[in-house]
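A short worksheet on the structure shown next.
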Amino acid sequence: MSDYSHPYLANCATDIEEMLKELGISSIDELFSDIPEEIRFKGELKIPHYPSEMEVKEHVEDLLSKNKTTREIRSFLGGGVLDIYIPAAQDELLRRTEFYSAYTPYQPETSQGTLHTLFEFQSMLCELLSMDTTNCSMYDWATALGEAANMTVRLAKKKFTFLYTGAIAPNRLEVLKTYVIGSNVTLVEVPYDTTTGKMDVTKAIELMTEDVAGIYFENPNYFGVIEDNIKPIIEAAKERNVMVVAGVDLSSLGLIEGPGDYDVDIAIGDAQCVGGGPMNFGGPMTGVFSMKFDRKWTRQMPGRLVGITLTPEEGKWAFTNTLQTREQHIKRHRATSNICTNEALTAMSVAFHLALLGPQGITETGESMYYNAHYLKAELEKIGVKPVFNGEFFNAFTVDLKIPKDKKKEFTTFMLGRKIFAGIPYSFDGENYDYLVTTSYLLRKKDLDDFVKAIEEWRK
Amino acid sequence: MSDYSHPYLANCATDIEEMLKELGISSIDELFSDIPEEIRFKGELKIPHYPSEMEVKEHVEDLLSKNKTTREIRSFLGGGVLDIYIPAAQDELLRRTEFYSAYTPYQPETSQGTLHTLFEFQSMLCELLSMDTTNCSMYDWATALGEAANMTVRLAKKKFTFLYTGAIAPNRLEVLKTYVIGSNVTLVEVPYDTTTGKMDVTKAIELMTEDVAGIYFENPNYFGVIEDNIKPIIEAAKERNVMVVAGVDLSSLGLIEGPGDYDVDIAIGDAQCVGGGPMNFGGPMTGVFSMKFDRKWTRQMPGRLVGITLTPEEGKWAFTNTLQTREQHIKRHRATSNICTNEALTAMSVAFHLALLGPQGITETGESMYYNAHYLKAELEKIGVKPVFNGEFFNAFTVDLKIPKDKKKEFTTFMLGRKIFAGIPYSFDGENYDYLVTTSYLLRKKDLDDFVKAIEEWRK
Amino acid sequence: MYRQAIYDEPLIYDLGKKGRRAHLPLKTDVSPIDINIPESMKRKEAPELPELHEGEVMRHYLHLAQMNYCVDSGIYPLGSCTMKYNPKINEALARAEGLAYTHPYQPVETIQGTLEMMYELQKALTELAGLPYCSLQPPAGAAGEYTGLGLIRAYHQDKGDFDRDEIVTPDSSHGTNPASTVMNGYKIIEIKSNENGQVDLDALRAAVSEKTAGFMITNPNTLGIFESDICEIAEIVHESGGLLYYDGANFNAIIGIIRPGEMGFDVLHYNLHKTFSTPHGGGGPGAGPVCCSERLKEFLPVPTVEYEEEKDFYYLNYDLPKTIGKVHGYYGNTGIALRGYAYICALGAKGLIHTSEQAVLVANYVMRKVEAIDGLRLRFNRNLPRKHECVIDASPLKHQIGVGAMDIAKMLISRGKHAPTVLFPLIVHEALMIEPTENENKESIDQFVQVLKEEIDKARDNPDYAHDAPYWTSVGRVDDSWAVKNLILSYKMIKNLKTKGEWPPKWPEDHH
Amino acid sequence: MYRQAIYDEPLIYDLGKKGRRAHLPLKTDVSPIDINIPESMKRKEAPELPELHEGEVMRHYLHLAQMNYCVDSGIYPLGSCTMKYNPKINEALARAEGLAYTHPYQPVETIQGTLEMMYELQKALTELAGLPYCSLQPPAGAAGEYTGLGLIRAYHQDKGDFDRDEIVTPDSSHGTNPASTVMNGYKIIEIKSNENGQVDLDALRAAVSEKTAGFMITNPNTLGIFESDICEIAEIVHESGGLLYYDGANFNAIIGIIRPGEMGFDVLHYNLHKTFSTPHGGGGPGAGPVCCSERLKEFLPVPTVEYEEEKDFYYLNYDLPKTIGKVHGYYGNTGIALRGYAYICALGAKGLIHTSEQAVLVANYVMRKVEAIDGLRLRFNRNLPRKHECVIDASPLKHQIGVGAMDIAKMLISRGKHAPTVLFPLIVHEALMIEPTENENKESIDQFVQVLKEEIDKARDNPDYAHDAPYWTSVGRVDDSWAVKNLILSYKMIKNLKTKGEWPPKWPEDHH
């Protein structure tokens, strides 16, 4: 029985014998006697096994070494996931077991570390977004969008249409569709202007009919274009009691107004790009859900909220999870959402990151990205390659490349050969691919020049 | 003045202005007014500067990537520095700022973490070595040897000769020589038997004349040979009041007796190999200094000691630095050593490592090394290559290769081409090189076979 | 003697000073140009973020960290949460550059390692579930439920059956079960547990019908009791035409012991952050992979991770015409999946089975010790062994001295032992739900029980001692209702209060 | 409110159980054979090491960690110790595989990166010292002193001068100075400080002679006072034929402000663990590089790190026939050197100068505030600005109410502020030596002074409050003399006491 000893198992043979004795049984098996014999699994499980820690490490590292990373290949990929630098100080905090190995702070008195940090996350996000309240995180931007759509419908009562911009990320749209399955929502697309790439204001207002509960746009939108014309839409929405939901690129908010500044009701997005973590192949992300404060609205908000409260010691306030009665563990089928486990640690990671960056840091990283993107655009124009849209942009734009479907793979390989991840392909006509190109602040002039050179060569 | 802001500087321009105001001065420069103008440095300092953290990281990583590591090249190097595996749990503890960013525990009440851990280091080392007391670390094995030699002379009074084995590591011998400069010690070498590689017992006893304060041997010695014949030497030493100092390979102590078991007075060595850290190009190491308990001796011990003491709360004992009056900060020129900063953190690292390894782990790693070395020896013998000595060995032996001086470089390159660090060259005749070959527990059969193959090819 | 650290740590906004820097980011070497963002969208003032230097940031969060209980602090026996040890090697591996610096849209040939890992993890999970297909996309257990229920819907609809709009579940189920059900547009039919705490077969028979889309069950259930009628249950549900959903959150009790697929289950979700040791992170992230049977396979979320053996090539398959769509923006929480995979590799089949065995052993051990304490009792059939957890009822104590489960929780945290889950499941009034996990050894459990006894004794001497607990935590018992009444949820709201002269908060006269 | 965490944490030997495993090491795939170690040397019983599982180990040391004050806990103003912030990037970089997994004896062509780093660090250090040559070999400051004194000896002896056997040093010097001197076989001649706390030139003149091998000085000295007569000092010593040793432990006050080499100094050591931010690690490891002038170069320890520009090749040069030998088994603490190098790179010349400026500013700021407290006074010339630290004398308070420097220290740690260095330098009786470093900002210093005032006020109300301090640390004031009397130094010794029935210790009747 001594082979019970394993670093992950607390009890050795002696412990087990002692406990069995106290329980008055002779084997652990007796504790499984209530499981009908016929369903007991009797085969041999095929499960990998690496008996020493070092072998586990080698095995996993060997696997991962088969990947190519953005440390080797210059990445022009974005679309909701940004290549960022994680300061060493941030990583050291994330490595603290007190943070990562704690549970949801159900006992606030012994969990002030988590609660205090999450309150700071909420607070910093509110400042970035110019909103009043932000929850402790959603899974990601896409699911936050699904929740937002459901929430507008829930609040509106008896209105079931949700408008969304055509300049939306395709993956978010897919999740949105999956998420409204249960709520009877009709999704209607608002077209964008094919010259500017911005949402079509007139159409949007036209579409805001009686049945519309909410309208969603992205800023900058999926094509990288800044939506600077949405004021009339927001005004029309207010008039018609349509809730306005904005999905914003949080990394742009050093340079671009927070959605609260242009008066949206709900702001969503993903905080990976402001320190939630490295890209990690797209997960975990850090979904953001933020609102104007309104007691009624807040009571309908999905996800967890940390609030301030009093302690027995006069003058000493503290933090606690609040409005828990919205949540599934109390409200069950009448909960505002099914979310339970969220992305708390990556939210804390954002707090650490923003505390390190400060206002100057968020502005400087924004500037670097802005300079990079605009330099790239200018250089591409010099070789006759243009953006698809003429709207102003921040750190990304869609490059008019029109790679035919059957050349797409070749193009990818060509660019890879130059150590470049070329951007995200997007087909406007279903036949040819343009590329959404994002410049993170980790790219430098040489990388941008190499990109332009590669495109130039490709076109020869 | 705003460029005072830097992550490593706590005060920004406003702080500085405020403080200057309170000090009633107008610039920081006034605080340097007592430095004669003629010696103020006026030039431009040539110092590298990488303005962002990421650039610092890239620069240092770029430098280090020019190295070849034992992760790529199979290492048969040893000689006091062993390639080991650092468990992730150990590294996580070492990353805790409470441990690494603390000072020497001068205020014990707020430093129990360091003190308690160092006491555990002392304790585990005593168990491994079968000794009574171990200090909180010396710089490394070599300097521990220097201190040990000086200590035997100090204790002996009026005896000034220190015997050392000829089978000593050359680098340790050099440090020993530097360390006894101030203490009037005469160093005399005890020869080893050229067949077995063991210390020459008869000679050793012969050399133990009136003036001898101490005798030093290594076990296994530098050639890898186990000194199993030292009993008569130790008996002779006791009779003549000669202190016996053993330098042991701590990684062997799962299989080999602790020096306390064969009754030495002082045991030294390096605990890098039992978890002090990875090899780090030879530093920091973790010098070990251990003794039989004797109040008089302990008072002459160099380095820091943690002891147990009482607190005001009955029943609650605690830890504190003790016998500080031996140390330089109190005793100044009458101190037992000049050591102040030692290797406390790597000592704590050893405690973490041994707590994780346990008795089974230390035995298993020892066995792996033993099996590896003996397999290698057997396989080499199959191709006609023999150890220089026939004494039993643990994880290292000296391979009779007789590479001529002018071929040495070629041999190194040849082996490197096969991704092998071939061992440490040692010349017995001043003309040809044999190789001290060590097999860590990170080597596997294939690595050993490749070594044999390479040697076979070389000899063709 | 135990005391949690206390620091009077201000909000980070009350630290620092304008102009301090804690991190200098890389600046591009491209020449600056004018920022041409249209005026209406140009940020007028930089966002108000903290301004500290690096050391200040570290001190702030070090202080906060030390005021937080975690798995490495001591026992954390939250029932239903499976607070197991988070192996340190997993944390190290999850930081590998080969994972961290990969983008979800990079060419598939440049991400073969991760795809292989995902594929191998899927294989292991399907092996343990006895269900042949898997998606790692759901980012948490509840998302797994949502996904699984979506598969069930798609299945029925694909067969042209649009009327099945009910999901049946026991009243002891976890809150996410009904919540996910309703979010999926289903009606929820809750059935009462029988006197053994198990599904009442008669009630089940009465509940199922041609409207039944599926039945959701957690097994072992939230009481820690194995649903031994599981085969009958499956039969009843299948006969009605419904599908079977296995909430695998409690899988830690049954790894390698039973395989739900073999009992007729169609779909199952795991919580990697429970059974497979990935950290809870103060609330997340987790991962809720879903395994399913052949007949549900074609509805799985896209993309699936697949392998072409001939070319030794892994790829993402978007070509599932009947897919339910996507439940996460990308492929789920890959960083968590990696940790789960490493955990499986470290234990192997035998180790995983031992895990369940030890988890069950210690749960029964603690149960017998705790139910022996006066004032506490084991609810439901005392003779049934429990699996990974047990539910103790503190109502007797409440009746005796007015000290309930929550008071017990606060007394325990006072002593440096985390409390069990309290007041859940709702079907037990003063529930203490205890799940030690295989990470607790005998001494640890003995100590826990000893402390529990001592504290209850103290409460008997003086019930107010219990009501005023906790004592040695960084703050005393917080006032949850004040928080709800006042809803102060951000620094922005504090600034508003400040301008109104309402900050800091005033303590009400009657405040205890 | 501050309280350090408290856990009643046993010795690790009192945890765990026989048979538990916390780590499974890699086992070789070579077949086991009989272990043929000669019987006399074969281990009979495995060493008694702890037997825990991984989670238990982590809990034990987490508890201990939380009972430890560190730089990231708060102000750590230990005078003479330069407890500056340890940048986190340095800790990360020091773990790079390119450093960790390199062996000191691997071929030099495979370690070019590290050699380049060492070479570049040497260059930066020589630049700051104004001395052209450098060895990174000494593993700590004291080892640097030993090395530097060795160079001085070798120099004189090389000139045939064997009679110079005295080293002169001020009485305020650090303890390692005289200790290293004597270990080097020299006689130590200590000279008294003048009323300004500086070297008394007359005393110096009287002390030097044809027996003087060298003069060792710390500048700014241990009182934080700059030795403004440094040029005269140099002249006097050089005239006597002695060499000049600069103890650079206090270099944090003068980076880029003065260069000792330009003032005639021949040799200097740095403490990378002070000036260059590498962690103190609870006592070490540090690094004590030595810089020297042209005439000492040929005596440097072997090997030196050198560069062949043509071949762009770094190498280790052992070919120094007059070398003093080796002072470390390999090349010193390379892992520490790397951190120091990264620190220099992050700050650059300007940043380093700012470091000194801020360090000096805050030291003077704290000095003015603290000397204003009744019962404390600044020793030596009040009008001289201090450099990186100041020495406050608490004797007035001691005379007033019997509360001395050590009591003040204990009151401070009670409040979560680390104490200054106390009772050092020995030439000030109730010394409080305060060195905030540039890591403390104004608020932090204001708070420190405020707490100091409050505590002294409390002590005035009740001196016993001071004598019984500290209160909120993990243990109360420990009894140092009991420790010396009983000398319990290892678990082995505890086991002996146990067999004699003398463990656990009994508290003496008169114990406070």
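Details
Chains: A, B, C and D, in written order; residue numbering restarts at 1 for each.
Operating definition for what follows: contacts are C-beta pairs under 8 Å (C-beta built on N, C-alpha and C of every residue); 3 or more make two chains touch, one makes a residue touch a chain.
The shown structure was predicted, so the numbers you read here are calculated from the model rather than taken from an experiment.
The minimum number of touch steps separating chain C from chain D is 1. The interface with the greater count of contacting C-beta pairs, when B-C is set against A-C, is A-C. Computed from the mean C-alpha positions, the centre of chain A lies at a distance of 46 Å from the centre of chain D. One simple way to say how far apart two chains are is to compare their mean CA positions; for chain B and chain D this gives 19 Å. Touching two or more other chains at once are residues 1, 4, 8, 17, 20-27, 53-56, 58, 62, 66, 71-73, 85, 87-89, 91-92, 439, 441 of chain C.
Annotation for chain B: residues 6-11, 15, 51, 53-54, 57, 85, 87-89, 91-92, 95-98, 316, 442 touch two or more other chains. Looking at the complex, you find that chain D touches chain A at residues 1, 17-27, 53-56, 58, 62, 87-92. For chain B in complex with chain A, the touching residues are 53-54, 57, 85, 87-88, 92, 95-97, 442.
Across the interface of their complex, chain D is touched by residues 1-8, 15, 17, 20, 53-56, 58-59, 62-63, 66, 71-74, 85, 87-88, 416, 439, 441, 443 of chain C.
Across the interface of their complex, chain D is touched by residues 2, 5-15, 51-55, 87-89, 91-92, 97-98, 316 of chain A.
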